[in-house]
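Working notes, beginning with the structure itself.
Per-chain numbering from 1; labels A, B, C and D assigned in written order.
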Amino acid sequence: MADEFLALVRGPVDPRCVDCVANDAHGGVVTFLGVVRDRSDDGRAVVGLTYEAYEEPALREFGAIVSEARRRFGDVRLAIAHAIGELEVGDVAVAVAAAAAHRAAAFDACRYAIDELKRRAPIWKKELYAVGDARWKSNE
Amino acid sequence: MADEFLALVRGPVDPRCVDCVANDAHGGVVTFLGVVRDRSDDGRAVVGLTYEAYEEPALREFGAIVSEARRRFGDVRLAIAHAIGELEVGDVAVAVAAAAAHRAAAFDACRYAIDELKRRAPIWKKELYAVGDARWKSNE
Amino acid sequence: MNVRVIAFANLREILEPSLRSLDLPQGALVAEAWTELERLVPALRAHRSSLRIARNGRIAGSDEPLVDGDELALLPPVGGG
Amino acid sequence: MNVRVIAFANLREILEPSLRSLDLPQGALVAEAWTELERLVPALRAHRSSLRIARNGRIAGSDEPLVDGDELALLPPVGGG
């Protein structure tokens, strides 16, 4: 299982990079993509995002999340890729894929991974607006 | 919202066909792929699957599932594509994608759609084994 | 009157190729169509408890009346996805 | 002794470009490093309650002792995904 794919990617994430989780024994594959939206949560027009990461600790966090998902949900294969740097609206900022023999474990593991990533991975996001100064936005 | 993609596809499903759900306002995208596995649930070696559908009622069922998902989970865009005919191990048999402004609704809607599809869509699956006669397998 | 009969999966294999349509008295109910089907294809009997019957693409109750040209579909437990 | 200091997001913008490292007495604790940082960059004070401090990439308690060459990282609330 050591061959899961965990990556920080400069620029937009290519969503296919997480497809490697599927194989002949793991037929249920759930993929989450976080795509840069043109609206912020408070409705302001967004023109882009910038991501920053404390790189090594972030990758270590991805690894810890994958191990925890396996302990909780059994035989699941996971891949996580997160963008760093400048992104435009429509770009993929994060891709998480989980594969399992059946869909329940794949859904649970994929959801667990993105929830935990957003809760604790040392990554930060700055929203660039059509009007006004850019602002760092936390997940809290 | 009438432009969701609902399809029965002859032969393997191209997973990209459900990517149409994402747009600039719906940044959380969850995709489920059901890939033909090389093992049946009772461990027998599988070499392929054949799917049959009562086509019009199946498509109508997909539409009903999408409307129900919207009532339950709010502003979600859904796409469903299911294969009919002969499939080999590794082929995509079903693809369901859900997009929403945030990931929770996208996960819930995607999971609801595949669970309901498997519970009630008039589609049937025959497992072809390396050894022995093929067998129809119900989801019950 | 005459109703078309289709079936899926294992039931199709049981029904084929012998039967495509069913002649029934005017105003016959779904239940009566089933009785006739069982008479013509006894192997269907074992599946009665697990199958559903659709009339023109929608699940039909056994007391639903049929009209000429209707399509009856025999649906075994589903297996999609 | 000397410890390197890095910060992220808004804290990086507050810290830059003035400060890259911190001179501290031998055996100084994380808490003392923070007090020194606040003295040098008063604007940091407002963020104390929401930020976390990592030592060599792992979250550190304020009573953790530092050694020469350590890396201290100031981590605001995260915003990944």
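Note that in this section a residue touches a chain if its C-beta (ideal position, glycine included) is under 8 Å from a C-beta of that chain, and two chains touch if they have at least 3 such contacts.
None of these values were measured; they are calculated from a predicted model.
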Smallest number of contact steps required from chain C to reach chain D: 3
Centre distance in Å when chain B and chain C are each reduced to the mean of their C-alpha atoms: 27
Chain centre separation in whole Å, for chain B relative to chain A (CA means): 23
Between chain D and chain B, distance of the C-alpha-averaged centres to the nearest whole Å: 50
Chain D: positions in contact with at least two other chains: none
Chain B: positions in contact with at least two other chains: 34, 114
Interchain contacts, given as pairs of chains that touch: A-B, A-D, B-C
Residues on chain D engaged by chain A in the complex (per definition of touch): 8-10, 12, 54, 57-58, 73, 75-81
Chain B residues touching chain A - in the complex, by the definition given at the top: 22, 24-39, 89-90, 101, 103, 106-107, 110-111, 114
Complex contacts: residues of chain A adjacent to chain D: 34, 51-54, 56-58, 60, 82, 93-94, 114, 117-126, 136-140
